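Since the structure comes first, as structure tokens, the remarks are kept for the end.
First chain written, first letter: the chains are A, B, C and D, and each begins at residue 1.
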């Protein structure tokens, strides 16, 4: 139950870091509100796990302070911070039963045995482990072991936050749906702070109320899934979020819009004036915000590959040397060879040198 | 290479891994083996490669019986789920290995083909590095390059992207799709993800618990899964399965939910069935004639930016609906969901498909 | 991991089989041959059947040596295993040259020829010129004369043995500790596990494999011990530190009783084999436990 | 804070471990009269003549050369025969594999004293007595099973997919083994060599029985000198110190393998 804050926190695994590249985590200020569901999203090597371990206290940051409810906990242990954490690969105590595994964090904190029993059976019920409670944990399959790991993270009722480090890596797609739903239920029921590390943008967006996008040890953008999807502030965020990611088209400003490969895209006047002095201009648009027709007004393109993914079709179109992905409903017919694209003006963004102009 | 498996069975220590598998993979085709973990995908690939041998049955390459022929005598390439490279060789030497050993090419030819393949996999700037100095994605690119450079007539890929980051997966999928589009190689690609089967298109073999459930073009299976199990394996998000009672008047899902039969269901005999409906066929609006209203309580709404997954319950069943656009729902809200009966799969008591929507069911046109 | 079935693998094993058979089977057959004959000289020998075996099994000196041997090996395990594990636990999990230096020092006693081990301790224990002997005799004021006092001889041999072989247990236990992924320690600190709980539920289970090996090696090698106590005490005073091997050599070399010595050898070997088999089964089970 | 306590115990152990060796070093730097006359913790007038005597007298220093020769030969033989065998045990199932493995291990546990006499007869019948090769071969009795055992553990840690990839790529087994596989288990080979060296270097019973003069190892030279010339403690201590040197060098070279390699393999 805490507000977690980072004050100029940075971390390097080297003893005497000299350059910015030596830092696994570059100086940052962040805050996690009590009761939020957060996702830390980024490719491998972007510093997600480092950040997580600094929150939990497994790692002491090279610089800066970590505050819980305004109290400096930079030098406090994980036990003092009262954090629960679930790791990427299942960590179980081989010699114990599933029950003892789940009870372990409670017993270590001197919780009364009646309370332990009720908490464990509640968590086991939730994770569908009730029938396995008497079994030795070492005999379980990998995904069941991961459920036990999750259970140990969830069994404590009074934690400051529960941290998850890509917990569903070893789990089949079908089970992922169920487990993610369980986590959301727990979050709703106990309103505990959840911080969830993942490289899977779909997982991050559906899980979290707020998503923190990381790249090369820095936080690029923090916001609701909707903000990140609609208005990514960096090119990387646009690319990384969404499947397929945002389309980027190098452009030149013209009298009342933008010119891409000799064709014209209307842009709002306000946007154009903001970008008047900028260099490296690109139009950014989501594949979902583009309409595709056989003919009419709009951007004339060649239509290439079309993939039917069951719930949607993805068409790859060519505009000069640029590629534009378009998502359409599966029933919609797609013209062959040539078509016309229509950009939703409300969803058309402009980027300068990789940063959002508006 | 045309690869044929006839009545292939594999047991290991009395435990069956594969039962009576029959497959016919056409020369130059792209085939996806789709199945959950432990379905027998890897076992099947190993038989195809000649790394293991079946207990019974026959494997033919272009009609020739190769059932007991070892891997060194077959001309195959394989990529594993784990990043398998020779740790003490540079990237260059890794890629050159099959050319030098299996193909016994002269140095200039080796060099040309190594460089060409490395360029195709975008690792030409890494040729002098050791695999341990590369990221996971780069390591798997090396493994793929080593498999591709051999230009073997049969290429086996065992969940090659599963250990990579989401975005890397997306990139490599796209590249592989390009590479295999016009190839003469017969490719077998194992995966647990329905999306990959659809993305690669081609021939899909649905495997579960060591048995082939169904095989055919990916979209055909998607639109017409032969069994409940096949429909589950080939669904992400999970397909909604609901008990139903059908009689000539209509189909009843619960005391309060019933609807008149859609055309494809009219020939069914009265009785108990299970109906399957995909998440994207449940919506907030219904068709005037056929729409089936279900009043449901929201249990969870997940928004991914452009779509909303609604988990909702009605009576004793739960559904996942995939709604286009962003919809905010509160927990416990009562909402009206419409299920499109023209898109229902109907399965009998044994789990076999007895009625499936036509290609154009409910749609506005063909694709 | 599933292995390939292939009978041709035998070809890879043949060199080892030939080499070991040459060194083990031929001599073993010779010993069996001797054990059933009474040999007066190279030309006169008579078949005596199991006579030597009966005699040796009833031989009270052998029985006592066996008992002594079992007590000794039992004590070795009781002392060296906990001590070795405890020391391994004090070693840092990570670190550069300090760890290397520590490992080199710890491994040092293992690389000293066994009779030199004996010599070192002969020197070290001398009440007149040895540091430890002098310390006990003069500083503590206990009359120290291990060559004549059986209990002191026992303690001396034990000290030497612990000094000599505990490093092996340390190395093995340390290897086992190093193989535990960091995530386990992190999870334990998240779970507020005490130091004892970390040892009991993480380190000990993960070390089970190497510790079984340590038990096996230490039991067997201590069961075969010869050179070090021979140099230190010569098996004395009396028979106080006469273990099986020392007695066997006394019998074979000292008394030229080839038939009896051969029968003794076979009995000795069978005892070792029995223990090996039991330990091997335990080891297999432990490994299977790890896989599961 | 807690760590410091732990390190103090470790330091105490290391000191205790070094004390007997230090004492021998101390004595080796003093002459016999000095040793017998008083107990000194430090040699007041360190002398090197004990070492000089050993290093200049052929009957002494040949002992070292002999030991080194048969130990090296033994290590080489063990690795050469144990590598393919360990590969067979780690990769294949074949008729009698488990029994064979157990039988090999029993030889590691065979009491040397049991085989002493028959081994002596065997090697004298072959005319190999008092040669390096005799001791080296005799020591394979306990070293080869150990080598197979350790290497098998390391090899089982290498995923089988590497082998399969190599066979798919067209490698023959011998070529794969030499070019790809052995570099992969370098650490295992290092650890195995260490153990073979160690057990051969420290063994005395076989070495003493099978040698007379030409191949007599240093450890045996020491025992005979002791019984012949009364007790020259200083000389004895210096000889003892010199037997530690090769071992210390070997550990120094494989120190990284010991730390890393142990964890990977069976031991």
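We adopt the following convention: contacts are C-beta pairs under 8 Å (C-beta built on N, C-alpha and C of every residue); 3 or more make two chains touch, one makes a residue touch a chain.
Note that this is a predicted model, so its numbers are computed, not measured.
J.: Please identify each chain that touches chain A as well as chain D.
T.: Under the touch definition, chain A and chain D have B, C as mutual neighbours.
J.: If you tally the C-beta contacts for A-B and for B-D, which one comes out higher?
T.: More contacting C-beta pairs are found at A-B.
J.: What's the distance between the Cα centroids of chain A and chain B, rounded to whole Å?
T.: Distance between chain centres: 25 Å.
J.: Compute the distance, rounded to whole Å, between the mean C-alpha positions of chain B and chain C.
T.: Between these chains, centre-to-centre, one finds 57 Å.
J.: Taking the touch rule as given, give the residues of chain B at its contact with chain A in the complex, in rising order.
T.: 36-37, 135-136, 165-168, 170, 177, 192-195, 198-199, 201, 219, 222, 232, 236-238, 278-280, 299-300, 302-306, 309, 311, 320, 322, 324, 326, 331, 362-367
J.: Name, in rising order, each residue of chain B that touches chain D in their complex.
T.: 49, 51, 70-72, 76-78, 80, 82, 84, 86-89, 97-98, 101-103, 146, 150
J.: Any idea which chain D residues touch chain B in the complex?
T.: Interface residues on chain D, with respect to chain B: 159, 161-162, 164-172, 175, 180, 183-184.
J.: With touch defined as at the start, can you tell me which chain A residues reach chain B in the complex?
T.: Where chain A meets chain B, its residues are 43-45, 143, 172-174, 177, 180-181, 184-185, 188, 199-202, 205-207, 225-226, 228-230, 239-245, 286, 288, 305, 307-311, 313, 327, 329-334.
J.: Using the touch definition from the top, list the residues of chain A that touch chain C in their complex.
T.: Contact set of chain A toward chain C: 53, 56, 58, 77-79, 83-85, 87-89, 91, 93-96, 104-105, 108-109, 138-139, 149, 152-153.
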